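Across the two complexes that follow, subunit A remains constant while its partner is subunit B and subsequently subunit C.
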Partner chain A sequence: MSHKVNPARLIGTYGVALALILLIAFGWWRYENFLGMFNVMSVLRYNSMFALVALGMCFVIMTGGIDLSVGSTAALGSVAAAFGSYYGVVPGLAAGIGAGLIIGVINGILVTRLAIMPFIATLATMLAASGLALLLAGNQSVSVSYETGFTNLGQGNLWIFPIPALIAAIAYVVGSIVLNFTSLGRTVLAIGGNEDATHMMGLRTERVKFLTYLASGGLAGLAGVILAAQFGAGQPIEGVGWELFAIAAVVVGGTLLTGGIGSVGTTLAGVLLLGILFNMLNFENGMGWISLSAYWQSVIRGGFLLVVVIIQAKLMTRNAKPV
Partner chain B sequence: MAQTPLLSMTGIEKRFAGIPALSGASLEILPGEVHALIGQNGAGKSTMIKVLTGYHRRDAGTVSFAGQPFEVGSPHEAQSSGISTIYQEINLVPLRSVTENICLGREQRRFGLLDWGAMHAEAERLLATFGIGIDVRRPLMDFNTATQQMVAIARAIGFSARLVIMDEPTSSLDEGEVAVLFKVIRQLKADGVSVIFVSHKLDELYEVCDRVTIMRDGKTVRVAEMDKIAKLELVSAMLGRDVSRADGHATAFDDAQRPKGETVLRARNLKAGHAVRDVSFQVARGEIVGFAGLLGAGRTETARLVFGVDRTTGGSMELNGRPYDPQRPKDAILAGLGFVTEDRKLEGIVPELSVAENMTLSLLPQISRNGVVSEGRQRELVEGFIEQLGIKCSGPNQKIRELSGGNQQKVLLARWLATNPRLLILDEPTRGIDVGAKGEIQRLVRKLADEGLAVLMISSELEEVVEGADRVFVLREGRTVAELEGEAISEDRVLDAMAHGLSTRTEQAS
Partner chain C sequence: MSDTVSTAAVKRDRFFDPLEFLARYGTLIALGLLLVFNLIFTRNFATLQTLNVNLTQVCTIVIVAIGMTMVIGTGGIDLSVGSIMAISGALAPLIFLGTILPVSNIGLSVAVAMVAAVAVATMLGLFNGWLVASMRIQPIIATLVLFIAGRGIAQVLTNGNLQVFRVSEFQWIGLGRPFGIPVQVIIMLVMILIAAWVLRRTVFGRQILATGGNEKAAELAGIPVGRVKFAVYAISGFCAGIAGLIVVAINSASDANLVGLGMELDAIAAVAVGGTLLVGGKATIVGTVVGALTIQLVRYTLLANGVPEAAALVVQAAIIVAAVWLQQQGRMR
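Showing the complex of A and B:
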């Protein structure tokens, strides 16, 4: 049998990268300074939080699950990190990530041990985490310490690169290695492909699912740390809608919403695609010819998502037939 | 026994929702033997296997493996103890690559990370032993069922297990592939690996197995050396019939001879996939035709072809003397066919709806005017059938789930009868129905035939076929091997045809 290349599958995998390149080329042609150092770095800095949340979401979705709690978890993480920041950078980091891990553990237990549907389980923890964040913060934002260097996690640079973007980049490299070069990663995909069969194949489905929710919680907590560091305060009411942005980015990145097929790299491309759309809207307004309300970004992102999902569905039905 | 068994399961009990699936079942496997495990549908083979592999937890009994008490809580533990399983339904992940499907669970690593090169090579090497050369990087779903089955077998063997369980591995393989599989089984045996082989194809068992365990109704009824048990004994032990038993009247059919009506349906040399290879039969007006055969003989599959659920790949059918080639069930229904399927719960009834609604579901167009169901028409029709078929219910509006199995079956019968069919196909019409109601259904079918309906009845209960049918076609591995009529129908002859195939084949069937 030859190594025949399936064009439909190629588009499914690399379509998002192509779309991203086209979008960047369009921006470079249309707007002055679009590829200028300042704009590029601020896009990367701002979107690193979303990238982290989307990475965790990507693993959960690849098992066929969903994690709606990531937005509230990030908010809770930012509040915890703000409190921790007074003891130093590491305590700040640990507090934020730890808060996220706790939510992740709860999600994992609900979904695996108690066999509650992920949608419902994480909807419950989403509400609980949000309430907890507001309680801890006393219904207002919590200022971080500016003395301990904690704010560098959000605002600092290493040479020319924003530190939060570097953190996200490291997370994506690790995530990509886990997915492609460990049995854990392959089991994640197998579970999404057919959970019962994976169990019968003698693989530890429950444990692996638990780990994906744990990772998602931890990464959301880390996103919360960066949120607090970037804006100088823990934000208990931030994070609303983050889970939807993350789901959109993952799906635009070509990961199947039902699980079984997915990639870490294209998830990042999905995040950047949606992030740059927003950035371009700002440029468009800056040119002063038209005035697009920020609400348009949601409409455009929604439209993008629909197109991708429709293409995915079409590709799947075509691929489902054995050749 | 001279040899210490590798596996010994004794007194195994397992209940599902209070209903016993296994009661006192046992199984003993010697090192390096190929052991057949056979039994009718529902005999408990699959449950037994799933208990062994830790998929189900047993309620009672002891299991020892390699001389040690064996307690496993999950398929993972069974696998690491040296038991590999190929399940009946292919249990793999179609979206993932062939390599992943073969190697997941015992990955090759380098510096702690997956070594894809070595894993692809390993997958290719394993498949090469089956004479299969495919691109192992492609998703499994790109390949046909037979290849997928081979991948499942390659996976099981790759685990260097001490016991390999194959649950009907040959059902989707063609003859060449089966031969390759048998070569692999003999190789395993030569390497000292034991194999449990579940199959309904008797010839295969004799070809490759050393011993056989026969199960019936959740119990182990017979263990024998393969070369010391005749096919006929094997079949009768499976069905629980004594070969030399005198025919008594255990069913409610009376077998008075009737003049034969004109042929309604004639099928010649039907073919479709592996399940139906060469099936010919005919059904006449006023006649009950029985399909006999072991599980997997192709009876239900043939019925599905007749009803247009699946498409034929060869052969021809005639309905009332005219060519008949249904593309979909609707064609069959319009041509005057009805099909009461085997699984009432799955395909037939809507539990929460009333008796009347269940009965008229497929009739709605006929009894509505401008989209509004005419209640008068409906009531008239439903009450007619309730009386005619003797359906016991508080009234047309009672929910069907509150009825007994026998009465549910009658409602389904009524649903089809309301369409005025010329030919009614009944697949296991009395399965899961208590003895009293069984007789009632059987009498009803006879009465319908007497009124001119042609009936094609599939039944795994030998006496139902022998005593109920005017004509019996015996199917074996997808082929009609015998046609028996009237006085010639007896349990011995049917059993004989099921076991040996050709010996009682009549002129017409060839």
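Showing the complex of A and C:
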């Protein structure tokens, strides 16, 4: 694909941003208080966990890999953070992120050293992390400390902004800089484009792939910290299905699952799109015209994903023709 | 990848290669060792009851994994099987309990319920096939759509309520014991035989592997790649539909939130441990069955000997990694 302006590609990349803006405009027009401070902040607060997980997933997917373990890793991170929270905010953070990094290291070793397919390797660590979380927590949720200020990580505000949303925002800024302005980021995309060629160019493909799994694990652990802080407990059975939600958000954001093409910003847009859809469903119910149970949210999300992937497929085939 | 058959044939002339031997028969050996271990250490292991417990637990995984093996044989994957199970498991009771239409004859309505549930499951599989074959969407994403939406559909159908029932005509497929053998085990065995025969002996079976081995070459050779893909996803949906019926029949209840939850990963693990390549082109039904049995027996062994469920998960993970790694080593030689 050339780097000249390609309308189809442009729609593919900015389509998600456009869709997000349209959706927000629709919500603003239809629902009172949709753009009210309380609603906006609670949407951001709640979705910050998913945003962090999706950011890590985005990097892994850009190398052509996948990380199915993020949900269980977040659960493990939340349990570790709950134990750490009794020693203060920083130990809580460190415990959660550290637990995530351990799973990330294992994923990295399995994928790069043992050359096991990412799908299988991370499927296995997903089971293992879930088992570890249950063992560590003794099969029940673990209350966090309310004395040390740890819960601020999930429930607190800095001025008007929810702290978890700020954490996610910082992560995205860092992620965007790494992807666009460092050789590491360019190597990530190069590996996804053509791993053999990248390797022959002398770039350290294995090390970079290892780092993406490490980052994904760490970010999932951080999401676990926020989970524990937000709900006041480390939850060993939370995080089921997070990995697929994150993949959906990354795909909606226009990142190709085959790797090589991707963007951090549109991944965030993908997370927000899926999150706002759910939020709008609540508003719609609140208006009383219709009463859609919460079960509709997954139907609507699935339908939305369907529309997006079909549009992407159409654009791709049109792109592919001239080549 | 597609040349595994020929390279394996060449290697047979060489001297005995322990690593390759282990890669080929490792899972089978592990299964054997587990059996011996259990016979010695686990109490009441060599009883018909233990056999029945293990077989009934593993049979829905095997049934789903049969369809998954075929899908993976074409180089695809089906993440939607658990959600399709939930839909099939929700739909059947809705019909035979008369929630949709009033029931006059229970026997007839059970028959209608079973056929309708499996038919819907097969159509959902066809929908996956349409996304993969016609829209050319990557299988992971294409089936992710139904993974997310499917369980929601099942929940919306039942409004998230538990459907409890006691209908012996229907529950026969989960609780019936002709000649002392559970009905679902018979269903499983029949499906294994048919699938193994299809994959080994029929043109369609060869076409599946050809598609997975090298899709472009297969297409150029005149194989209807699109139709093959449609078919394998439909088969996978069909298998998931049957598994969904069996699960709710055993439980005497259908819970759309739980039926088939995590099944896609259990099935994929069984397929991978069984030696089917995840990139396609090589698939073995018998291997999948051995893989599923091994995972099941590992869990049973651990749980029967007092290891907590959570620790069993960790061991299960290690076994999946070890099995797949060993097979890779064997293939690299």
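Rule of thumb we're sticking to: the second predicted complex is superposed on the first by the 316 of 323 C-alpha atoms of A that agree within 3 Å, B and C clash if a C-alpha of one lies under 4 Å from a C-alpha of the other, contacts with A are read in each partner's own complex, and residues count from 1 in each chain.
Going forward, a contact is a pair of C-beta atoms (placed from the backbone, for glycine too) under 8 Å apart; a residue touches a chain by one contact, two chains touch by 3 or more.
As the structure is a computational prediction, the values presented were derived from the model and not from experiment.
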Exercise for the section: Using the superposition on subunit A, decide if subunit B and subunit C clash or fit. Expected result: fit
Exercise for the section: Using the touch definition from the top, say if A:293 reaches subunit B (first), subunit C (second), both or neither. Expected result: second
Problem - subunit A as apex of subunit B and subunit C, Cα-centre angle in degrees (nearest 10) - result: 70
Practice task
Would you sort A:186 into first (subunit B), second (subunit C), both or neither based on which partner it touches?
Solution key: first
Practice task
Determine, under the contact definition given at the top, whether A:29 touches first (subunit B), second (subunit C), both, or neither.
Solution key: neither
Fill in the blank from the handout: The answer to whether subunit B or subunit C touches more of subunit A is C
Exercise for the section: Quick one: classify A:204 as touching subunit B (first), subunit C (second), both or neither. Expected result: first
Practice task
Could you look at A:159 and tell me whether it touches subunit B, subunit C, both or neither (first, second, both, neither)?
Solution key: neither
Exercise for the section: Report the closest approach of subunit B and subunit C over their C-alpha atoms in the superposed model, as a whole number of Å. Expected result: 6
Handout entry: Footprint overlap on subunit A, where subunit B in one structure and subunit C in the other make contact
Key = none
Practice task
Please name which positions on subunit A make contact with subunit B in the complex.
Solution key: 1-3, 177, 180-183, 186-187, 189-190, 192-194, 196-204, 256, 260-261, 319-320, 322-323
Problem - Of subunit A, residues touching subunit C in the complex - result: 66, 68, 110, 114-117, 119-121, 123-128, 130-135, 139, 240, 244-245, 247-248, 251, 257-258, 293, 295-303, 305-306, 309-310, 312-313, 316-317
Practice task
Could you pull out which subunit B residues touch subunit A in their complex?
Solution key: 53, 55, 74-76, 78-80, 85, 87, 91-96, 100, 104-105, 107, 113-114, 116, 133-135, 137, 139, 141-144, 155
Handout entry: Residue ranges of subunit C touching subunit A (in the complex, touch as defined)
Key = 77, 79, 131, 135-138, 140-142, 144-153, 155-156, 159-160, 261-262, 265, 268-269, 272, 278-279, 308-314, 316-318, 320-321, 324-325, 328
